[in-house]
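What follows is a set of structures to go through.
What follows is a pair of complexes built around chain A, which joins chain B in one and chain C in the other.
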Partner chain A sequence: MNLKRDISTSTFSGFALSASLILTFLNVLLNNIPTNITRVGDQFLKLNGSEGVANAVTTVVVYFRGFDTLGEIAVLFIASLGIGLMLDSNTRCNLKADSNFMLKTASQLLFPIIILFGIYVMVYGHLSPGGGFQGGVIIASGVLLLLISHKEFEVPHSVITLLETFAGISYVLIGLIGLVVLDKFLGNFLPHNISDMGMLLSGGIIPIIYIIVGIKVGSEMSMITQNLIKRSDDV
Partner chain B sequence: MIGFIIFVTFIGIITIAFSAIIQKKLADSIILFMGVGIGSVVLFFIFKAPDVALTEAVIGAGISSLIFLMALKHLGEKK
Partner chain C sequence: MFEFFNQPEIIKIVVIIGSMTLFFVGLFGLLTQKHLIKIFMSVAIMESGLFLLFIGLIYKQNALAPILTDNQQGFINMNDPVPQAMILTAIVIGMAVLALGVSFAIEYHKLTGKTDIDEITSLRN
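After this line comes the complex of A and B, so read on.
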């Protein structure tokens, strides 16, 4: 490994430039520490109790910043749409070789456990670390395992369409019901007592919205991986 | 003890990240990028952010590296 030969000068100079900029920025920040900072996290923690959700991060992501989450899953939908348009996989895949016996058996053994863990992370998102995004991606990784091990396996397009449309429509519908009932988009119109904190049925609409986000993310990520894998097997 | 673990993980992340950008084969870079993700999972967990640690483990170290690998396979065919 010859550092001087293998790395271009622009890489080195860019590294040095960004390092010096970061150091200057840190120097300015450390020399001017403002007093009496009001932290937004303290306000959020104070407000969190009124929703009766044990995991404060979930309250911030789904409730206080619920509209941002709607935008995020829209961004993921657009990414999935772009990959689907560019890598149109109407042709059936033909793998060169069948995967071996060990991989097939192990993936059949692991697939239900991965799906179960994904659903657990999704449903308990308001009680423990995790939530819709993580659970959805765990489910998509289980689908990916089956896709690389079984050459005939394919997620049906109609199921993905149904799940994704259902999830997207019900997110907006729940928000609109909140707008009608409480004059507030994504208002928490279901009962959410603080005495129920820590129970599975607590927090009103927050766990429902996180499960919907999980279904949407899971179907979109499954579609992305399936498009990429089928296409790369075709050629 | 916990400070030692943090120090070792931090130095490890920086070393792996630097060796990822000087690899000649792109596939090696992607595998090392996965290593950076796993190191950050440890740091996030120690600094009491289990939500971020779970997200990084699933998305950063897991599925995004696999998507990179599949995209690399596409690029390799076109060359």
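After this line comes the complex of A and C, so read on.
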């Protein structure tokens, strides 16, 4: 009897392993519930007022952890590059069903509104909940709607290349200008007064960098959705 | 009847048990399923359990979202912004890496016609 092929044995052993691990983790976590600990976030909240940005999460993502965000953008670019290499994009849509007239008209009506909402979320990322990552994903969802409803629609490759190159280069350039002017990478060299807090033009380079992140995330997510829908296979 | 659940310790215990249960549901699927796409789905479920744990553990009673509005006097009595910022980026990165893994699975199926991990024996001699 081949134990490796026996489904009940593997199910039982997987269940036993998961149950023992969950008991161990729960034992550790429930015995050490953090209640009153000094957190790095409290220090960040104190420092946050000096940058003149109303949304503290944006300041942490773009300014205090700005170098880390640059690395995450690079990870996103590498994932998008790998998908583009694996699934060579074809002009033929892989969806079986035809889209009817109502879906086509409604998607043409909705697409500009979705793009506008994504740009709003991106631009107001330093004042309200939202930001570059969320706005970019909203724009990619609008592109996904058009790709599903219009089989002949294709994301223009040259435009995406231009946007992505522009966004990546300008992120690094802004960081280097901060290095030259203020002697630290991604330093806030534009005026950022506390009295301007809550205005659209406030926070120095922080909203500019978040818009750049939004452009990069939106273009890369659009290319990922297009590559996954328009595959060149027959199954 | 819900006052009992409104204590901070009880909320943390509920968050820990729920998110770790979700994590180990994903781990169980990862260990037992044979289909490649189902394995990537299990990894996504494990990820969502971790996100819930990170966000839930920073819960403070009566604390506000870390965004300054007109009614507040400064960045006081607010939630910790650091885990929120980390999870915000981790969700987008997780989605991109999941799409990369799915594209590997699609390409493998296109080349060999196999999706079961027991049949993937190309590197075994």
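Operating definition for what follows: the second predicted complex is superposed on the first by the 186 of 235 C-alpha atoms of A that agree within 3 Å, B and C clash if a C-alpha of one lies under 4 Å from a C-alpha of the other, contacts with A are read in each partner's own complex, and residues count from 1 in each chain.
Criterion: a contact is a pair of C-beta atoms (placed from the backbone, for glycine too) under 8 Å apart; a residue touches a chain by one contact, two chains touch by 3 or more.
Here the structure is a predicted model, which is why all the values come from computation and not from measurement.
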Partner chain in contact with A:L76 - chain B first, chain C second, else both or neither: second
Chain B versus chain C as contact partner of A:G41, first or second or both or neither: second
Which of chain B and chain C A:I229 touches, first, second, both or neither: first
Touched partner set for A:L176, first chain B, second chain C, both or neither: neither
Contacts of A:V121 with chain B and chain C, given as first, second, both or neither: first
Partner chain in contact with A:V60 - chain B first, chain C second, else both or neither: second
Which of chain B and chain C A:P129 touches, first, second, both or neither: both
Which superposed partner A:I138 touches (first chain B, second chain C, both, neither): first
First (chain B), second (chain C), both or neither touched by A:T11: both
Shared chain A surface residues [contacts with chain B and with chain C]: 11, 55, 57, 129, 131, 133-134, 137, 221, 224, 228, 231, 235
Chain B contact footprint on chain A (complex, rising order): 1, 3, 6-7, 11, 55, 57, 121, 129-131, 133-134, 137-138, 140-141, 144, 221, 224-225, 228-229, 231-232, 235
Footprint of chain A on chain C - complex, ascending: 8-9, 12-13, 16-17, 20-21, 23-24, 27-28, 31-32, 57-58, 65-70, 74-76, 78-85, 88-89, 91-93, 95-97, 99-100, 102-104, 106-107, 109-110, 118
For the chain A and chain C complex, residues of the former touching the latter: 5, 10-11, 13-15, 17-19, 21-22, 25-26, 29-30, 33-35, 39-42, 44-46, 48-49, 54-57, 59-61, 65, 68-69, 72, 75-76, 79-80, 82-83, 86-87, 127-129, 131, 133-134, 136-137, 197-198, 217, 220-221, 224, 227-228, 231, 233, 235
Chain B - residues contacting chain A, complex: 21-22, 24, 50-51, 53-55, 58-59, 62-63, 66-67, 70-71, 73-74, 77
